[in-house]
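In what follows, subunit A forms one complex with subunit B and a second complex with subunit C.
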Partner chain A sequence: MAISSVIYNTIFRRNSIFVGTVLAGAFAFEIAFDSTVDKYWDARNIGKQWKDIKYKYVEKDEE
Partner chain B sequence: MASRAIIRSTQSQLAASVKCSAVAKPLGSAAVFDQKRYASNFYTTDNTYKVPDFSHYLKKGKGDDTSRVYSYFMIGSLGLLSAAGAKATVQDFLSNMSASADVLALAKVEVDLSSIPEGKNVIIKWRGKPVFIRHRTSHEIAEANAVNVASLRDPQNDADRVKKPEWLIMLGVCTHLGCVPIGESGEFGGWFCPCHGSHYDISGRIRKGPAPLNLEIPEYEFSAEDKLTIG
Partner chain C sequence: MVNRLSGSPLFKRLASSAAVSKSTRNAVLATVATGGLAAWYVNLYGNPIKAVTLAEHGLHPGEYPWSHKGWLDTFDHQSLRRGFQVYREVCAACHSLNLVAWRTLVGVTHTSDEVRAMAEEAEYDNEPNDEGEIEKRPGKLSDYIPAPYANEQAARAANSGALPPDLSLIVKARHGACDYIFSLLTGYPDDPPAGATVASGLNYNPYFPGGGIAMGRVLFDGLVEYEDGTPATTSQMAKDVTTFLNWAAEPEHDVRKKTGLKVLIITGSLWALSLWVKRFKWTPVKTRRIVYKPPKL
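Then we have the complex of A and B:
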């Protein structure tokens, strides 16, 4: 059986499985998308954010 | 187009002339009808419901589900993106309502308890309200526990109002109309509200006057031995 038929029979044949796959995919997509964008943002703004410069100010404060 | 126009015109002429005589024989069939009738002369006995042969236009390899899978995949991807987008939108609107970081930073207050001697009150500001901190003596603790709880207006054990008996922490807002009671005064050795004369005892419980409830206890914890975090 061709690969497309396998995909069709496992995912698309039943609507419940189709919708479930879509929602699970949305969940995974969101995690991946958010972490990617966060990583990009941090890389672009490196040295400007509080977490990057915190050590300069907080170090003296901690006993 | 031109040929069709010609046919149309002959047709209408025919329709007009058919009444008087059977002028034209129907095409393709010889003398099927003898009677006069209004009919198109483009008549055929062939079955017109024959489905044309589209096999030339069909995709090769009919058996596999490639195009079906492709369509469903596109539909599913759109649904996936829409679901993620809708969730993010709703979340943005809802997180808009929750407290921001600067508000949360002000929501907690840390107090160094080692500087408060026994038998003294300290008033600090927390979320815009006064908070009473009382370092109680053992005598005062005994006094608070000696009260018959059943006789109180708002019955509450002293043990339920403190985490450590020597430290009484409560909101300094009178439960009557919101004045700030005065410490170490009143008939019960606790707090006295000057606005309408409510007397609170050494556990902050209402004993006399118009206030309906005991002084409120905020959320707090002892983060270290002599460190208190309110909020």
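Then we have the complex of A and C:
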């Protein structure tokens, strides 16, 4: 069975599964995209953001 | 002039209605009229006479490499924390920060416990009690940073008529933004240059329009003591407090830039995709050839 017919039979054949795939794909893409960009962002601005310097002040409070 | 004009081929053609159509003649006349009006307008308004000298405009600040300057650069939050310290210990004596609430500092420059402690040092009006009297209560996270003066009149009275501006949006409100604020704070010369006249009660600062500013130089080396050990030079304090004031004016700055990056990536990809789809769909149309075969007679 060709790959295109596999895709057709598993995803496109039933509208409910097709719509569900779109929604699930949107969720998965957003999570992956956001975490990738955030990782790049934090690497680029390392040491400048609050989460990078927070430890200095939170520990002080616990003493 | 008239003879030369009437002798020119264009005039002859325009004059003889047989040689040139009425609409062509109207088009030529309209073009000449439009061009003439435009030239007259530019001559009249194009180069206005300025009644202001460069000194009255104020010296333009230089460009400084702010740590948050680039499209993808966040604020330096350690600098924001130092800048807030400078504001609190120096600027807050005269300048209010009316649009900034204590709570907005949490997770930006300080932990919530630290901000709570600072807020509690200030007193605020409480709800009316059973007798209808307003009592004082210590500040909460939701309170706004207290102003040094009760109102504008009190501020003017305490500063010989000059109103120290509210600093919440000052970075957005001044040409040159951060560069201007930094230049102003660090730009007080020891003596005004020869020829500069400064009214009594004013201080000379070339970056301030007109040169005479009511605020004197306030930042001197070692004025504050930074908790992180950074040497508190004049320019260090000016840089930190300017960065802090930029945060006060644009608290959404970091999130805005990160969202902007995401938006550009997504819309850029969709744009490239749409170009590809267009070419894909149009390929058969663009590459087809229509051949005419004449019928055989």
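Note that the second predicted complex is superposed on the first by the 62 of 63 C-alpha atoms of A that agree within 3 Å, B and C clash if a C-alpha of one lies under 4 Å from a C-alpha of the other, contacts with A are read in each partner's own complex, and residues count from 1 in each chain.
The definition used in the following text is that a residue touches a chain if its C-beta (ideal position, glycine included) is under 8 Å from a C-beta of that chain, and two chains touch if they have at least 3 such contacts.
In this text, all values refer to a predicted model and were calculated from it rather than measured experimentally.
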item	value
First, second, both or neither for A:33, with subunit B first and subunit C second	both
Touched partner set for A:12, first subunit B, second subunit C, both or neither	first
Contacts of A:4 with subunit B and subunit C, given as first, second, both or neither	first
Which of subunit B and subunit C A:23 touches, first, second, both or neither	first
Partner chain in contact with A:44 - subunit B first, subunit C second, else both or neither	second
Footprint overlap on subunit A, comparing subunit B with subunit C	33
Residue ranges of subunit A in contact with subunit B within the complex	2, 4-5, 7-8, 11-12, 18-19, 21-23, 25-26, 29-30, 33
Touching residues on subunit A, where the partner in the complex is subunit C	33-34, 37-38, 41, 44-45, 47-50, 52-54, 56-58, 61
Subunit A partner contacts - residues on subunit B that touch it in the complex	63-66, 68-69, 72, 76, 79-81, 83-84, 87-88
Touching residues (chain side subunit C, partner subunit A) in the complex	67, 72-78, 81, 107-111, 113-114, 228, 254, 258, 261-262, 265-266
